[in-house]
């Protein structure tokens, strides 16, 4: 029998996950919830899912798993609610912006024995998965150093930034998770700096738009990360890992792979201009991995601890940027 | 109201088209037919479409358009049937392997005023569309010469080859259509050669597995095409057009864009190994273009005449390969 | 003792060869000849070579080898002169524009036992040598098909074209030699077409500026070649060979390997705009190979027969372009 | 009249510079000095230069300029000697490993009014020059962030490392200079870390083999640099600069630009395995720039102050790596 899903939050990302659930033979989209009635109705019409309240979903006998696409400040309490109700939970990152709150939440998850997957979608991108597979296959030897680059086409709205936790918790957190994913374990300390180069309004919000960090592992391994909220040429997402025997790198994804050559040179079109088109395969893959995990194959899903780990690095990075000192990462 | 579709032929390509119809807000998949009951049931279950006979579909008031994924030898008669029944028709290429039969069929289409689109999926590939757009924008000036390369990972089964019409009508026909699509009009003559280099069994079937051709336009423009039924590194699909002011080329699509560098050099993974993964976007795009055409925007759909044109070039190419002479292309 | 050289013809290419001879530890540039006194003096001053007459060079005891950079119509007689005088001869291609005259000349070379190398510089380009090595190493299996592209930034002056022998003997001859070099033996027949697309003045000279050809070997192997006298983006020089186990391709050489990404996309600078900068390594390599051959290592130098072979293909290609028929290549 | 040169130090790099001087029409190689007689004789024989002592060269009327390829610990005193003797001086980097000593030396240069160029060869690499030109042309707007990668094929011998000043002063100093060259001015502070990942012997020498740094400018601009003494795939040298309007990047240089595709994927040969082949054009360009500077065109040569600047950054980086704190860079 297919695994019966409910989706909470029927916005942009909720619709992406709804399509993935509906398109998976092992799952069925049974219910949807959104405080905005029109949003819930759209998904309901398209896939024949019931519209229900949060409490009804928690209490329902015919729901096995929930996908949380709700605002960040609801994540921790909803994870706890559904874990206690015996549902498997897929939650968009982050669990919470405060690591203390995340620890509490994970304690509940552990006590209830619930399955929790945190949506670090980039772990499911075909290109980054290819890098990880090359490392796992031993093709580059022991991973030693890394260079990770993330540049957004533009900054999010002020209102989003205000509630985001700042560039380290909102944006570079993906790169911290990627570093842990590819290097294989947690770094010990971090050096970081941040500044405002693209828009003074971001300074007024107390955030940075440009940041660089160096993660350092206990044994001396190092990963350099750079972030910017500006990239005129599209959504720039690259990783490269150097090992004792070689290097594995994921290139940017060009949606249109043509080249036009004239007297001015050879020109290729820009990158994707939006994370949802860049990561369309990753979003589908992560839901499929969650469904496979519920069916027994939990290989490589990103669990709650991964969410906490990335947040702990982000907290240390922010402190380093503020103090100008290397900061040890908590466990 | 959405356009109501029936799909005839629920095999591999029928399922691809069913997903595209179901995923388009302006369309609804209302009916399906396949002589194999299980195949029809699969699509029926997934999208809630009725299972009906061919005649019922032709006679139905609640069907506006049909998608023909039936065997090639049924295409012409089914196009005629549905054209006379007042349905819009999307037909997988080719209409028929004989240009005389195609002309008869197109006459019926013309008399009935039906809309007919022939499935030259490559015209809807994002990369080839990008090349066409670069030409249309005048970025490379007047197109003058071209180089088109198509190499399949492996030959199809003997049974398929036997009924395929041979490499020029089955495989290079896509490149002939691409040449007309990108150069903008029909060539006047063709030089071609063919041989068997990969599998002697293909020779016994009276076909070639390796072929090269030069198309020549009345005014001297030239396009070179090469085909092979063998490519160990995946599905090789490239076009480049040279104009008076520059060149536009579509590169191959790598499903995993990573690079691993070791003492042996820099290695990227192979190409797609299957046309259905290589052209996944093209298949979705062409159905969406058909639906848009029925809604009034017929820009750039490939019509019956395109199917005839490519076939006429293929017939001339085969004659050139057999005689060693330049052969004029019929109109 | 170093091999003592004389250079005949102190123009552009003569200077290139003089630098290569002077820079090779196993050789010494002893003499130079040019009817233009100033040209001879330049090389004489730079490298301390004597200025001598052709006859003096032929008669000299202290000259072991000559490099002929003289006009094409002097090549055959000078090869014969120096062969009879017991000198080793490096001659810029072609030996002559008429295959009958070439055969006579090669007969003299054979009778005298002289060493003759013909300057097919592309055989000594590092990238094309890399393709040849990949084939020789068996990495792509048996070579079966090829695609060769040569496009010049612009047409040579009318006066050059008039004496050039036409596009097949002047330009595509390099590609014919490359095809023989990479496929390993002579093709059996050729299909070709030519036209004038870039400049009507070329038509008045009785030549083409755009040409395509298909070489066919006895066993069915095929190589497609395209040539144009126009390429806005630089000097376009590519080869790719497909074998039973894979493909080996040489990419174009960009003198400046940078990429600038903006909202308009990713742009790389154009290619070389001149054959002498594109082939700077090849020119040095071929002279070094000639010197090594005189020292006993004749591996892989291009001999007189190679010059005849490429010319025989060019003559057949021209006939095919004029008649529209496949033409057998003479031996 | 050509500028008359003496070269001091006839080893590997001395020979490279000798060839460049001899090949420049505006210069003449008049004298050479090396304590190893055989080394001096080699250059003397090849280019007809006199063998002289250091003092004779300083005192000579017929020497205008000297090229110092002597051991690092002689650089400062020889610069002072020849500056006082009225010679123009080209000195291989570094002037000295101690910034105090460099300041003394530059004071002498200033007092004497001598021309001093420091050999930061990478500023004369065609690809890095291309990046600099793209920035200068305003194509990427104001430069804001950078990523610089330098990885050596292998560590130098222990004896070299012992006298090198360590990875920051010996290796990353090139990247510090590149950062100043491309960003346009000096950074204000640096964060750095170093470790030993490739060879424990390097730890015993008190050095690192792997290092990462973040340079930060007063106004918040940031450049990330990573270095390693190990790269199995060749000599890895990349820079990319991100500006307000776009990005400019220099790619690695592949000596053989071919691609071989098989069932295992697409493979390109490794990079250069040696800095002298990688930077062959840069070495020639820098000597030509020095000669042009002596003739009056001092655009863009790297002067003594550039050498001091890079050293000051290196000293601060080492302190940061040792203390785990951001360190202000001295002026």
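All chains are identified by letter, namely A, B, C and D, in their written order; residue positions are counted from 1 within each chain.
By definition in this document, contacts are C-beta pairs under 8 Å (C-beta built on N, C-alpha and C of every residue); 3 or more make two chains touch, one makes a residue touch a chain.
Every value quoted in this text rests on a predicted model; they were computed, and no experiment measured them.
Against reference pair A-C, the listed pairs B-D, B-C or A-D yield one interface repeat, B-D (criterion: more than half of contact pairs the same by residue number).
When the C-beta pairs in contact are tallied for B-D and for C-D, the bigger tally goes to C-D.
Chain C and chain D have CA centres that are 39 Å apart.
Chain centres here are Cα averages; for chain B and chain D they lie 57 Å apart. Contact of a single residue of chain D with at least two other chains is seen at positions 232-233, 245-247, 261-263, 269. By the touch criterion given at the top, residues 144-145, 147, 149, 151, 189, 191-193, 195-198, 210-214, 216, 219-222, 224, 226, 228, 230-233, 236, 242, 244-247, 324-326 of chain C touch chain B in their complex.
Listed in rising order, the residues of chain D touching chain C in the complex are 126-127, 129-131, 134, 139-140, 245-253, 255-263, 269.
Across the interface of their complex, chain D is touched by residues 232-233, 261-270 of chain B.
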